[in-house]
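Before any comments, here is the structure.
When the chains are written out, they are named A, B, C, D, E and F in that same order, and each has its own residue count from 1.
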């Protein structure tokens, strides 16, 4: 059985993430979506909120688990016997950063392979940062996120409840 | 069982190709190396010669098959129930072309995913064209190819037996 | 009245070209589609055939003219009092080449501006070369070209009538 | 009559901005320079100061207006019946970010087109950030900005009057 | 006698920096490693600590000096009669930024040339930021830095002694 | 004494080449311009003609030699005790190809360093191919080449004397 991990900040999860996740599920026997905790970043949603949004988003997928990690990614992969780290590759600027991370991860754990997948081209323009910006201006983001994420974004920006 | 195809011209197969192939084997249950026949290109080695060199190169690998194809790649993938097309991604210039091919293949067969893998960074500089050029100048290419390929390259350029 | 020229080889015209053309029409008062004749290239369709396919493709557009040119592009632009040269920008590899041509054209005629437009992202993967390749394999390309181009491509490859 | 908007932070306006603006004026009937207010950024010059510097810089141009906006760019464009958003494209790193913004803006308002223009190559190296850095070191930036901007930069850094 | 300067933040110095430095020494008669002080950045190591780590790292090299500068780079180069500024070029993202800086420096001092050198490909993935991140997770970074840097990184993160 | 080689096809030599050469002369004690003979390419000018044009172009430079080579570049560099290979880096597309060649040359001869220099930005758009194209259309190329090259280009295209 081949397991892959799909790491990210998911602040919040978008349809672009889900597109990549569906492709990963078609390729691997199990995919662990791993929510990264970075103490240096201030996300819009707390780890608990992001986890809840992720769980809701993947509730109809099979062979998917969700986990949180706050250490070195390759160590998390090793503990879970993962053979691959999934990364979405949308654009050139992704490429450079991803390339560098993949090379470093290979140096640290040569038996774990970074697997790059491309989303549908309609998600080329989409990332969590753009979704947050649009929501901040009151733009409806139904096309880009799940209904629950859409609802929570409205709550955040209507009530100004950003932590 | 998850099958992937790894297409290429392999004129000739290099250690960079084998590095990617080994990674694909770690991820998939079966990998079909597919030798492309392009009537518009004039390879150094005939299809028969390239097939022989490939067979020799992968003789110690498990779960690998070799095939020849001269049609549309995604149709070949479909006939073999492959879920993925493997592509090596070494550099930026690869990225653009590969991105375009992957998008087109997705348009033609959305259920088959292009999976990009990165070779060891020591193969960043390596491709079949550079190997042919070095061999043409009489440079030893032992570091870059299998012993049999090395031998055949010498024969080609010593005897001038290029077709 | 602001005139722009939209140069290309159009071998054959695709829906990606038409997407850019429609954007140009929204911006300029007149757009002259200029079919380039390059004696060093061997197109699939003759200049006459490409012209016919272009005329058919733009027959419902207003403020569009079609012309043939075989000299220096900026001189053609000047004779037609064009203020701009339209170029589609789909991907990074386009960018570099286009940038260089734009700089040279600016050097030759500083009063004519290169205007870069982006097609709908669904045409990112599309160019004439890919269309020709798909048609050669017998793939239907209805999604990518006009009905007349589709028909002519079938004629070319069924009858082998390539000049 | 075709209107375009030319958005930016202009902190401060440089000769590179003016070069792009002059090209936009040659193509469109009216150009609205739109000064963006981003509450998350701390500019060197206040919005009022940047507006004053912009007004002075464009005082000899015809068919140019200046406006401030703090919402979604495409909504501002719509209210002003603009057919185009002008963006300068100097380098590859511009390209990626601009591409993504253009795709998102097209998604939000398909009738407004992002038009990329290239500045004279002598402004390739020029942006507001570099101008601020040079001025901070006491370097004269007469070649890069208007006399008034040059004067104000000296005031800022001589008196340490940064807000 | 040809002198070059090799500027950087060196927070901390890595084996990638030393690889570039060795190449510079092979080309120039004297190389001045210049430690930049940027009041806007908060480095992990103080200027004094970075200087000490640099001195230790280059103690066996000939024709190398170390200096600190906090002004305009080209002025420092001029005072030291340097004919060149050395920059390492590892990846595409380096390229764009470096290109822009090189163009600006050429504008400010046309007699000083930016010389780009490539490190060994095994250092493609390496920069000071990645080293700091790995050390923060307790990963051993012996392969990437000198013994003294390794020791100091452990002290920083074990004692939490970050200033 | 530090020697560098500056290889190229120089078909024909342009002011962009000379700009790079002048920078190389400022850095190295001797520069050998090496004219490559590639039997697979059909240049516009014969090797003899290109050599003559190069000799004329560099006649006022000191510490410059011209040579022809038709083998492996690094072997030529070794025979001449060169410490560096000079390459001009104008644009991104240069970068990728040059990076790959530099990596391969380092693999073949680690003691010879590829040194990348940037031309004046006014030569960003300039290369021999563009010069040939412009001359073919009868455009005056005085701004881009030496008087002798300009004269010879006119002869080539007026008399149709291309070999």
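In this section, a residue touches a chain if its C-beta (ideal position, glycine included) is under 8 Å from a C-beta of that chain, and two chains touch if they have at least 3 such contacts.
Predicted model only: the values in this text are computed from it and were never measured.
> Out of D-E, A-D or C-D, find the interface that copies A-B, where copy means more than half of the contact pairs are identical.
Answer for the repeat of A-B: C-D.
> Subunit E to subunit F: how many Å between their CA centres?
The mean C-alpha positions of subunit E and subunit F differ by 31 Å.
> So the centre of each chain is just the mean of its C-alpha atoms; given that, what is the distance between subunit B and subunit D in Å?
48
> Quick check: how many Å separate the C-alpha centres of subunit A and subunit C?
Those two chain centres are 39 Å apart.
> Give the residues of subunit C that touch two or more other chains, as numbers and ranges in rising order.
As it turns out, subunit C has residues touching two or more other chains at 92-93, 95-96, 99, 103, 121, 124-125.
> Which of the chains touch, listed as pairs?
By the stated definition, chains touch in these pairs: A-B, A-C, A-D, A-E, B-C, B-E, B-F, C-D, C-F, D-E, D-F, E-F.
> List the residues on subunit A that touch subunit B in their complex, please.
Per the stated touch rule, the residues are 2, 23, 26-29, 83-84, 89, 92, 95-96, 99, 102-103, 106, 111, 113-118, 120-121.
> Quick check: in the complex, which residue numbers of subunit F touch subunit B?
Residue list for subunit F touching subunit B: 71-72, 92-93, 96-97, 99-100, 103-104, 107-108.
> Across the complex, what residues on subunit C touch subunit A?
Those in contact with subunit A are residues 92, 121-122, 124-125.
> Under the definition above, what is the set of subunit E residues touching subunit A in their complex?
Spelled out, the residues of subunit E in touch with subunit A are 91-93, 124-126, 130, 134, 137, 139, 143.
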